[in-house]
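Think of it as A, B, C and D in the order they're written, each chain with its own count starting at 1.
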């Protein structure tokens, strides 16, 4: 069995990515083109050109073919995450990373050539149109509430509905649209922009690392040929599951990288700044926060590696990725919060990335399933297992 | 004794302010002129004109003379805080509110006419230049590290140094500058803008309710006459204390208002949105967060009222305001965090003020003394009292 | 209105009780007759004789007639709680205190003479037989699950069922038994011991301050005359409510006293013991815990006083006592836990009362309604209020 | 490298131990001979006879020679910990387990024959006399405060001092005494009981799983030959380190087993008991606690395995075992606390082991270094590493 191990290839790629991020991407963090919806288009182009030169474009899919194991991916994406600009810079960011994974598993050869190849090259971006507005009582944490419909009309499907939090939709070339088809749900691949998908608005949000923001859109009579179906009709929820656990986990990996860096920045601040006659870090009130963070970072790493091993073994990892997502997102938030606190006034400015990491990780406690939804599904599993045991 | 009671005047003013905020200010929350450094100048003017018409301008200093008791002020400022725009709108915002309090206590008649009167009318804004850059190892949580100097040169003082986090400096007309003078420290009043005070930059920060931002500035050979001294030479730290406890407490009052509103918004969301077959609020995971918030809001209110009573009794309230600042800022953060979580994806957008309140309260755990500094001084007091008791 | 004030009578009684506890009861804490089910009978007698001499027997019902206001009671019971032996010593312990309150409100004159008078004199003890075994799926947090029945047979009621956690049942003279009667529930007064109420067992529990333990008993054909009905038939749940809020609150008062004392003990330890070159309290890791405790103790006091004012105003205080019970029990647990931690190895021995207070307060997070049940009912109230507001 | 793997031998032994604990030891949990200082002597004998029969005596040292790897030991000790009686029952309890480890590493052949062999056979018990009374300001968390002295007198050492928290001293046959010898410290091996080591008292403590309690003793002119020195003179602190990290970790392993069992018990309770119309576990307030526990149990397991791998690699693991000890003890406490809460009134009785596990784990947050001491040493390491990095 290959799982449970980091390969030397994975280790080498991660080292290369880490060097690239620290030397080449970190200086971009002061670039004024980095706004509240992520870096500008030309800034992304510039970073990606450098990534190609350095041989670290889409580094978790070496040669554009096979994905690294989840365990190796953990190393690579954590390195990429050391800057909030890193994942976009080397093309391992959400939602593209998850979409590439899904297309690699499910798309037809023709779909792979048309949609996947340019994504793997970092030439295009993609969006996953699944979540629906809460004011419509559409699908959020509860996917069964899906309201967007697709109806067959000859050899075309006609799709209607509203979507929101479709990260990266603005500027994306590839759209994956989830819609109800009879009993089940189906995913459709669409070239973007498309006149039938109208962006209603791009809400301001607490996070700011995602190019293309998190738009709300209206889909009006979107006609797509039957060849636009991703995989099989009616298998949408199943594919969502295929994408789900790995995508959750890659979020954990990237934000672990970001919090590792935040801890470095806060530690450096604490060994330089003095107050009340001592270095900050010599105050237990400060040192204990950094010590606590060190422990939490290790816990996050171990949970991620464990869950990656489970996925590498071929299991669906639904429960394991829930456990990991909850524990990692909550721990990373605590880490980021403590980094802010250690840095005092500096911590709430954008002079360092610490402030941003804090905001990003706050959002991560909600997307890909809020903590509460995961605990709810874990409780149901405990119930089932306990009933099995005592019967 | 007058303290310990809310007067009917206080209650009436608070009711008027609450109505004004809910009916007149809340609609401004969607105004595009509200940016990351607070509302624009013309937007402030517009809100204040309405506040004058409604008789709620500077409502805690009725008639522009006597301040209400701290206890009454708690009611009024909490009402003003129900919108993040409220405090600026009715002129009870930081740092003006604290500066007006200080000038009312210490300034000469001439200084009051020149500096205080227009502030009370809501015609000008002010800044308190105390904190110094950490890269200079200047005064932060530890005021004894003050590096800005004032030297007597004939009948003028010449001031040199750097200041940062001078909230509202951009656009302010009144500056209060703290500088070392021999053994002690002295406060100086300066008309702004002044060519000797150069704003180096206005850092981006996590909060966004304060007009004028939190600039860093350089003071180069600022010459002021001896009449610019606020109160007595060498008494700067003492006056800082006069301002300190009440100013801490008014922050608590305003943010309590904001979190009260956040709880209303989150509760309304939770009784409208459904998931997994029930209203959100009927999920214990959601309902418990709102219940917890309700308890925390009450605790905050009680701590504020208690500390206000202490201040109204004439005591300095140093320890009491530390206890209140720590417990209220930490509790409000938890409340805001839980409101975000209840609202899920909506909670991390700027569609409601909940997201902003979360960011603002994060910063409040740091300014006016980080939690750790207050705990440190409380521990010293416990040590002293315990040693007294056992000897 | 009399509420909202501490009277001079209340203050004087509290001072007398505090002196008695500190000087007379605290030395009993080393008495070997104090076992895992509280002090022995003769030890109780001894303490109570001293209490009578000192004029502090049943101090919250001065002259054996009128109860002090809840607000005054808060002062007195907090003083009594300064030792875990105090409440039993001066006859303000659970369940007697709550039972005396209930009998004072509801019992007939004859019942008061027979049952209440000796209780007020501290000559007898009582038990409240309400909770039922979980293995029977009887009434616990959910009183509607009541399984004990009372059936009318001529001019007698015949009661059958099982009860558990009937604090103090062993050795009690007065029993209040809750049973289903038709649609509602009814309370019955019984002289104890009674052959029809057989104690099955007295479980070992984590707490150890309650004489008589928390027995489980079986009630088999207990025949009582109709005059044994407390108040009206069918009004049992209403009377339970009468008793409930005040009884919850007096637990808060007593345990606040105990935790105040634990904080004193831990503070004294921390100013005497050295480690790593400094007094313990000069380590921020220790000092911050004590500072946090100081804040929490104040919060508890304020919540209790607020709720007492609500009860004194004549309101039922159902919601307010839930809020107070949750916040106070959780805060006191944190306080006790931190006192243990400050004292290190000493903290987990019975050399001081800190270890016991920790255990007792753990149980308090469960009895009189676990935290979760109170949050659940608060959430329902928030739902109702929010729906009212938005409609 | 052999580390990072569980061997099939380890797995087989662990399975055997788990079966033995569940089938044979768990029934002893209701044995009345189990008191507040652990099971009685005859009860221990009885359990150990059964363990010998089942081939699970001292299972982590198969054949009485080589210890299993730390990683394998984790599996075995976790299985043993499934009952609080398990570790004593199969002879992997503290302090014997740590003492056997130390003697295996450092003792001379003669010492191994005399002291170690009977320990490995489970025929004797041992004590580690290191900690000194806080009232003497002796060695606690800070070993440099050691006050017990050993002076050379011919070919004997004469030892004087006081010791406390010497777990298991009562009834032990082997004592390891730490004393100052000149600049350093030295460990001595002593046959117990010894007239020069007088037990002053055995304090009542919050935990109750350790036979022999945690006595305080006075050592008066204890004369031992030079052959009683364990290892080298002056190397005492170094040997304490040898014992320290593994002993910390085995505590984590055993208590992880205990909390795993507590979670099973609480889960079973929650799927059987109903309240408010549903099974307890169907209440999110209950289900979320069990879900949280499941995550925490996994985190503990991963931290333990990681630290075991570090130790198996030959590293000292000082920092890693600090990180593991803090995170595991704090997490286990939260788990135990939540199990108590899930079970309500049942949770605070001794009807199940949950109540005991809660108390035991409370103590574990203090012994082997309180959380605060570990955070302090981690902060120092972060400081050192950060200074290295930025220079």
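Convention: contacts are C-beta pairs under 8 Å (C-beta built on N, C-alpha and C of every residue); 3 or more make two chains touch, one makes a residue touch a chain.
Everything numeric here is computed off the predicted structure, so don't read it as measured data.
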Classification of the subunit A:subunit C interface as same or different, half of numbers criterion: same
Chain whose mean Cα position lies farthest from subunit C: A
Subunit A and subunit C: spacing of chain centres that average the CA atoms, whole Å: 51
Chain centre separation (subunit A, subunit D; CA means) in Å: 42
Residues of subunit A whose C-beta touches two or more other chains: 283-286, 288, 372, 375-376
Subunit B residues within the subunit D interface of the complex: 283-285, 288
Subunit B residues within the subunit A interface of the complex: 131, 134, 137, 140-142, 145, 164-165, 203-207, 214, 269, 273-276, 283, 285-286, 337, 340-341, 344-351, 355, 358-359, 362-363, 365-367, 370-372, 375-376
Residues of subunit A that touch subunit D when the two form their complex: 264, 267-268, 270-271, 279, 281-282, 284, 286-288, 290-292, 294-295, 298-299, 302-303, 306, 323, 326-327, 372, 374-376, 378-380, 382-383, 385-387, 389-390
